[in-house]
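Below are two complexes that have subunit A in common, paired first with subunit B and then with subunit C.
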Partner chain A sequence: MPKRILVTGSGIISGLGINLQETYTSLSGLHSGVETIRHLDTSLKGEVPASEVRLSNEELADFAGLGGKTGYSRNSLLGIIASREAFIHARLQEHPGLRKGLISGTTVGGMDECEKYYDDFLRNDSKNSYIGIYDCADSTEKIADYLGLKGFMTTISTACSSAANAIMFAARMMKAGKLDCAIAGGTEALTRFHINGFNALKILDKQPCRPFDAQRNGINLGEGAAYLVLETEEANAITGNTVICELTGYGNACEAFHQTASSPEGTGAYLAMKKALDMSGEAPENIDYINAHGTGTDNNDLSEGHAIEKLFTEKIPFVSSTKPFTGHMTSAAGSAEAVISILSLSYNIIWPNLNFSAPMPELSFQPVTELLRNREVNLVMTNSFGFGGNNTSLIFKKYGIH
Partner chain B sequence: MAYINGIGIISPQDTLPGSGFLDPVVELDADFLKCMEPVYKNYIDPLSARRMSKLIKMGISSAKICLLDAGIRMPDAIITGTGLGSIEDTEKILEGMRVDEKFLNPTAFMQSTYNTISSQIAISLKCHGYNSTYVHRAFSFESCLLDAILQLEDGSAENILAGGIDEMTNNHLSIIRRLGFWKRESVKNTDLWNYTTPGALAGEGASYFMISANKTETSYARLLTAATLYKPGSSEETALFVKTLLSSNGLNPSDIDLVMMGNNGDREHDLICEDVISQAVPGSCKVFYKHLCGEFHTVSGFALFAASNILRSQSIPRSLQLSHARPEKLNNILIHNHFMNTDHAFILISR
Partner chain C sequence: MDELIDKLKKEVIAQLNLEDISVDDINPDAPLFGEGLGLDSIDALELIVLLEKNYGIKIEDPKDGKKIFYSIRTMAEYITAHQTKG
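Up next, the complex of A and B:
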């Protein structure tokens, strides 16, 4: 029997709030984090909306207890705050003997500082202390140092599925007996680099995004970080933590179609979901809710929709994209939506797909458009698909359910 | 069990198909060691290649060379380690933003994401299997190998294309040089170990390996493990980590016939490398590799290429500058790499 992977802690910071409680309150109150850009100093300000974390860099540093220290990118600060919440939630500091891993997904890394000071770097002036922090590993090592983690750590970048792949690799390491527990997720700060990059690809919606809508017109970006604490059963016997749910399936497959587009039939999406489902040993009809990748682009929602139809032929589960709440948190989306899906399990709620008005003529199903309470939610699937066709699907199950 | 059944490598040495095993040595006198690039049209459709940056072309080409070497058309998974991804494309975007951030080059943006190499290889092979990219400094390549080993162990895959790739640009070299990473002077690579100045000699490279569950007649070596160590407090701690790694793989320090040293030309760090290895594997024969390919985050891919060939050919090329007499046997090799004495990584292979 493979080891079971238990979720015993979570932490999140996003446009919906700076912790799990605020996130739940915003979601259940139907408050979206997508609004006019305030913090990011970009010429797209006022032109495209985004879901920013409400705190400035200084406020984030204060919140993390790092006020006055230099060399912390927004990316690192977000990662530190969300991972700290998960870490404290699972009281991992009380168990020095457990082999704890840190697996984090990010793509922009410390680019938020690098793009600010690039002119200074070229001129070789006073900002050289920021040069070394632009890569992806910097935020992971900053988190490790903050939490006092010395064990296995690595960083994954598969664009918008980075955090989902981090959770998947953490589980693989634990099943192989290399780790007793792990903090896994991702962090991504909004940067001029990627908001303008997405703009150059002409896939940003100037309106609030409308996933799975016939009128959909692109993405709203978001930022933030989210981490889960995963424990093996053996580690859980030591920590005594309450089990929130279980990670019973994961699948990663590649679209192998185009660098920034998915195939209309959604081959990669289908394969990722199928692998996750097969691993979980569940019949498709047992999935109660799919937290879809649902970016709001023409391409994604069509191919993801077709892939869902193909896999769930008989009975399509409740489907929604929560990106109209959080914006597309890119490398952190996988873990943020894992946390949101787990809230769905914990509270027996199906989150609505906001901003929906017209069904897509190509699809046989529509997303859930109202908050549904008191549904029995035992199994949730959450999808994360990245540029380059890096598709990953995760399945979480209520603990102790057969 | 994991076996190395194919290799494709592009490096500052002549390591392209048909070349001798690091013989003759390529001597370079330069700010950084640049790769000897192949004729790309042998591996990539010229029409597609036109839009690709150098890193992506090197990635696809080395992957295809590896597939040919292994005699495998379709791997079950593609995993890449890259410390910095496409620096060239990232710089294009940063430069573009200095002019007008609203008019960026979409191709450069697409290629600037780290996972482009793995995904472009997948696109060119139409490979729908597992696909991932590790981006953690000197842990990048070792994380990738570890993922591959675990997937073979849990039966998720049989043949995994796993590689490490990084590039250098003049601009990046000069910016990073200010942090003291690189030597300030131009250095002749084959004389690197005679310099006592601070800083390493920078380089670049792309290497892919077919990591397979089954041994074949042409297997290079068995890949035992890849392991990483973050911020060791002392050389003693690092040495203890190595000893534990060896014993957990059923080996004694005396079983290690050869160590591929992590020295990079930075005097201070080189002394640490020597200290760690002399404590962990006392009296072992040592060879150096970073004078041939320079320093970069996924440089241990070059070391794994060299070590694998040493085991298969049972010979050590002179260019690796063996420290002692030739070892009596060549069965087990330990590879060391580190980034600024913060991120230490080890790979263990056997015959």
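Up next, the complex of A and C:
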């Protein structure tokens, strides 16, 4: 029997709020985090909206208890705050004997600080201490230091599937007997570099994004971080933590169709979802809710929509993209949407796909447009598809049901 | 108010599975988070769900949570002011 992977903690910070409780309140109150850009110093301010964490860097540092310390990028601070929430909930500090891993997805790393000081790097030596925090792994190391983790750690950068791949990788390490538990997820602060990159690709919507809508016109970016605590059953017997749910399936398929686009028929998305479903041993009709990647681009929603049709054929589950709430959190999207999907499981709620009005003529289904309460939600699938065709799908199941 | 405070203590104990805590152990004015009962943010989420389920209250501004859930008394005061079902 392969080891079971149990979820026993979660933490999140995003445009929806600075912890789980605020996130739930924003979601259930249908409050989107997508607004005019306030914090990021960009020429696109006022032109494209985004979902920013409401705290400034100084406020984030204070919230993390790191006020006055230098060398912490916004990206690291977001990761520290979300991982701390999950870590404290699972009381992992109390169990020194367990082999705890930290697997963090990010692409920004310390880029947010380095782009601020780029001119200084060229002209003087006043900000050179920031050069060392540029790479992605710096944010992971900062999180590990903060939480006092000294064991295995690694950083995963597969663009928009990074955090989902971090969760999948953690589960594989645990099944292979290399770790007893893990903190896995991702962090991503908004930067000029990636907002300009998406702008250059002409896939940023100036309006609130409209996934799966015939009139969809691109992405709203978002920032934040989210982490899960995963434990094996053996570790759980030691921690005694309440099990929130179980990670029963995951799949990754890299279709390598194009640098940034998915294949129109959604081959990679289909393969990732199929692998996850097969691993979980469930029939497609047992999936109650799909938290779609649903970015709001022409390409993704068509491709993902066709992949969903191909896998689920007659009976398409409830589908929604929660990116109109959070914005597209890129490397943190996979874990943020895992947390949001787990909230759906825990409270039997289907989150709506905001801003939808016109069905796509190419698809046989429409997303859920209203918040649905008191639905039996036992099995959720969450999709995260990255540039380069790096597609990942995760499946979470209510614990203790058959 | 005292009646509501007692009812609320029982509901909080049940919602959060506080097995070793009795109604008398909870000081209605003590902070629920950090010190006092030492609840964490997943517990805060459970309290939001309790307000929705038992009192039909939906909190509009997520940032209000901190004030509302400061203590049992602040929760009771908020419920008294916003209750939509009994």
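Side notes on the structure shown:
In this text, the second predicted complex is superposed on the first by the 401 of 402 C-alpha atoms of A that agree within 3 Å, B and C clash if a C-alpha of one lies under 4 Å from a C-alpha of the other, contacts with A are read in each partner's own complex, and residues count from 1 in each chain.
Operating definition for what follows: a residue touches a chain if its C-beta (ideal position, glycine included) is under 8 Å from a C-beta of that chain, and two chains touch if they have at least 3 such contacts.
Note that the structure is a prediction, hence the values are computed from the model and not measured.
In the superposition on chain A, A:70 makes contact with neither subunit B nor subunit C. When subunit B and subunit C are set side by side, the one touching more residues of subunit A is B.
Applying the stated contact rule after C-alpha superposition, one finds that A:20 touches subunit C and leaves subunit B untouched. By the document's definition of touching, of the two partners only subunit B reaches A:271; subunit C does not.
In the superposition on chain A, contact is made by A:11 with subunit C only, not with subunit B.
Per the touch definition, subunit A reaches subunit C in the complex via residues 9-11, 16-17, 19-26, 28-29, 31, 85, 88-89, 242, 347. Within the complex, the subunit C residues that touch subunit A are 17, 40-42, 44-45, 47-49, 52, 58-60, 62-63, 65.
Against subunit A, in their complex, subunit B makes its touches with residues 78, 83-85, 93-94, 97-98, 101-106, 109-116, 118-120, 122-123, 125-137, 139, 143, 146-147, 150-151, 153-154, 175-176, 178-179, 228, 230-231, 342-343. Residues 2, 42-44, 107, 109, 114-115, 118-119, 121-122, 124, 128, 131-132, 135-137, 140-141, 144-145, 150-159, 165, 169, 172-173, 175-176, 178, 192-194, 196-201, 252-260, 267-268, 271, 386-390 of subunit A touch subunit B in their complex.
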